[in-house]
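After the structure tokens below, expect a handful of questions from me.
Here the chain labels run A, B and C in written order, and each chain numbers its own residues starting at 1.
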């Protein structure tokens, strides 16, 4: 699930009006003719991402396209206008149903917002797979291909703890947006991996950053001002980690961990701005999703349940007992 | 239409002693499609007089005034200032010629102080490089001059020149607008219904102000609906009806009823300046609802 | 008759009414009294309730944190004074940072990249201003549209990447030095002071500034008194655009990394600072000192509440309440003077 470069709400609301005027969704690769599935004999696969500006989803789409080409399938990629554009995703799903796709891969904007449209699609026999972000309940879709964010959080937590060595931990948690499932899972995983409970004395402060580098910077500065002894920082994503690193520039001995695996983020690990990041694999989600739909078309077998596409700790300062890859590997596998 | 000479018996206004005409217009025409706003109207104001312009709603008074102040450009006719023909292309031209208008809306900025309002649009700059290079304002000089101006006009009710105009009473605001016009209006000052929104006492103060400005030699055009007021203060009365001047009368030789008769068309002024019952239709009780009737003035 | 006044400069009676205002009141203006009080109270409260707030380091930190949103708020002030609003300011700035950083990375020397970026921001301001003045569109709608276009443009331009900068000119404003060996200052602070004083001068000491206030107070009245209201409005948007360009420079000084997703709430944060600073959303009242204080209040609240250990969601609650109080006060003042 996600990768949180969350546009925060307010400008988003402002943009909504304009976006709604323009229509619910954009088609980046429109099928052109309807029901091509029936006519062409090729399997049609729909892909609905949250936005098509975010590199994470761009990578997802590109990978799905490559895989679809390889399998001789046809990909129709649609996207919401912005993160949280539920109506846009609903329109996109309806659109794909009309075009007669065999399966829909979707990164649901809002866990519950698109359930009605998904149900209608499934009732028509279309395979629906959630990519990156689970629906709530998870059974609303046939299967979910995503990063286990809690597990990714655990990896970050374990690493930061191990990197501290014998020092007494003083931890700051730079969260994304309260209430987001991704945020909660990563946060929970970090505490678990680190061996903390919420409310532990080792936690010296938490802050809401919306995954924005400048907000993370300010929050980190203020928290450091409050307590100069801070030596460990959890961040919700890599921009937040970059902000924290800037706030702490010149101060040594603070371990910053992060999650995402963007090329910028891995680059920051390489240059030493922060110690480690946990990479997720949108490419794999897309490939597995396309394969599953193609299989379904051939064999009529549907995948089910939560399928973890894995995550990988990336650092140039490995610690004993934790599986990690270096940034050279990271830069080859990063997603944008 | 205009009349030639007057005899003592006629209602027509005598020409003022100082016969020097400050501003005059003849044959002004302004059409908006089929609607005729100004219909070959004439206009004349002399030095040192208060000329009231009266007319029913829609008679075209404000169009006439706009033509005189450059806010609209007439289709035909000529305007002369001090005997020379002029062409205003905008309000700024008229202002540059020394013609100031006090609008019914006053055109004051409520959140700014009195001094600033007096110099709105033409502030005083500092001397030397500070003024010409840095374009710095001379706040002090503006305040001093504003205070002097208020003193000169005898506006005593305003104490503090740095008071915000928005905190002033209606009459005081009017006084500020009039003071501004008096400050820059070197040739002519036009006031559009300056007392319409005021109480009796405040109206009194504004009328006194008008008199004082007139006494200082600057003629004043007063647009008003208030007949007693017009008769009290005006030297001559310009009656406007159906887009044109139908008469100029003197308040000393003419009654209010007669002026109202001219305004509504019940009376007409003969070529010799005498007033005649109109020969056209109209019941005595007919109210001339004069939203420029279809029977356009010829 | 020659009592006519060709110029209003004939002193007859020496009028002696210039009122004696205290230096403070003159400097700050009445509109800024509220935010000044709020700032003083906040500082006192945090100084008493936390051990870490009231010291020189934290003072420097607060000023640093103030710089970017404070600069955005300066431009926003110009526009709000004309009874407009700018929803696009942060988006303009972010696009500026992206362009500067990308050009500075590959093709141009830092100074030239900076120049291009600042000019771009100025030009975008000119576009907004032209739409507002020529097409008579409401500023809210114009800047909403510009926001939408620029947000997308920034994403497309960056293609999801963020650009780090390393050039000396581009990170110049983030450079630190120490006054008296003690007080940490950045070059950004110096630039901010120059900008603040410059804008204050323009608004209060020049006829251009008078015209800006007059247009915001009553556009029709301003027009009738001969002010070229269109040109004044346009110049305000152009100058604001330039200020956003400087904000972009400040932003790169704070974080030498241009991210298309940064400053998503910068527009509202700047409006918040302006409103708390006592500038009226209805135009014509307020000014630079108030905005500086307003932006400082917001910064101090976030800084102090964090150090007091208060959850950041409550910080937003506090800011929100302050905005409502500020607007309510403005409303009351307006009613008294209208």
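Convention: contacts are C-beta pairs under 8 Å (C-beta built on N, C-alpha and C of every residue); 3 or more make two chains touch, one makes a residue touch a chain.
Not measured: the values here are computed from a predicted model.
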For this session: By CA centroids, point me to the most central chain in this structure.
Result: C
Exercise. Farthest from chain B in C-alpha centre terms, which chain would that be?
Worked result: A
Exercise. So what's the Cα centroid distance for chain A and chain B, whole Å?
Worked result: 73
For this session: For chain B and chain C, let me know how many angstrom lie between their CA-based centres, rounded off.
Result: 44
Seminar exercise, completed: Note: chain C sits from chain A at a C-alpha centroid distance in Å of 35
Exercise. Hey, which residues of chain C end up touching chain B in the complex?
Worked result: 1-6, 8-13, 15-19, 21, 205-211, 213-214, 217-218, 220-222, 224-227, 280, 284-285, 336-338
Seminar exercise, completed: As the complex stands, chain C meets chain A at residues 50, 52, 57-58, 61, 64-65, 68, 87, 144-145, 147-148, 151-152, 155-156, 159-162, 251, 254-257, 259, 261-265, 267-268, 302-303, 306-307, 309, 311-313
Problem set entry | Residue numbers on chain B that touch chain C, as the complex places them | 18, 47-48, 91-92, 95, 101, 103, 105-112, 116, 120-123, 125, 134-137, 140, 143-145, 147-152, 159-162, 164, 166-167, 182-184, 186-187, 216-218
For this session: State the interface residues of chain A toward chain C in the complex, per the touch definition above.
Result: 5, 7-8, 10-12, 14-15, 17-19, 53-56, 58, 178, 205-208, 210-214, 217-219, 221-223, 225-227, 239, 242-243, 246, 262-264, 336
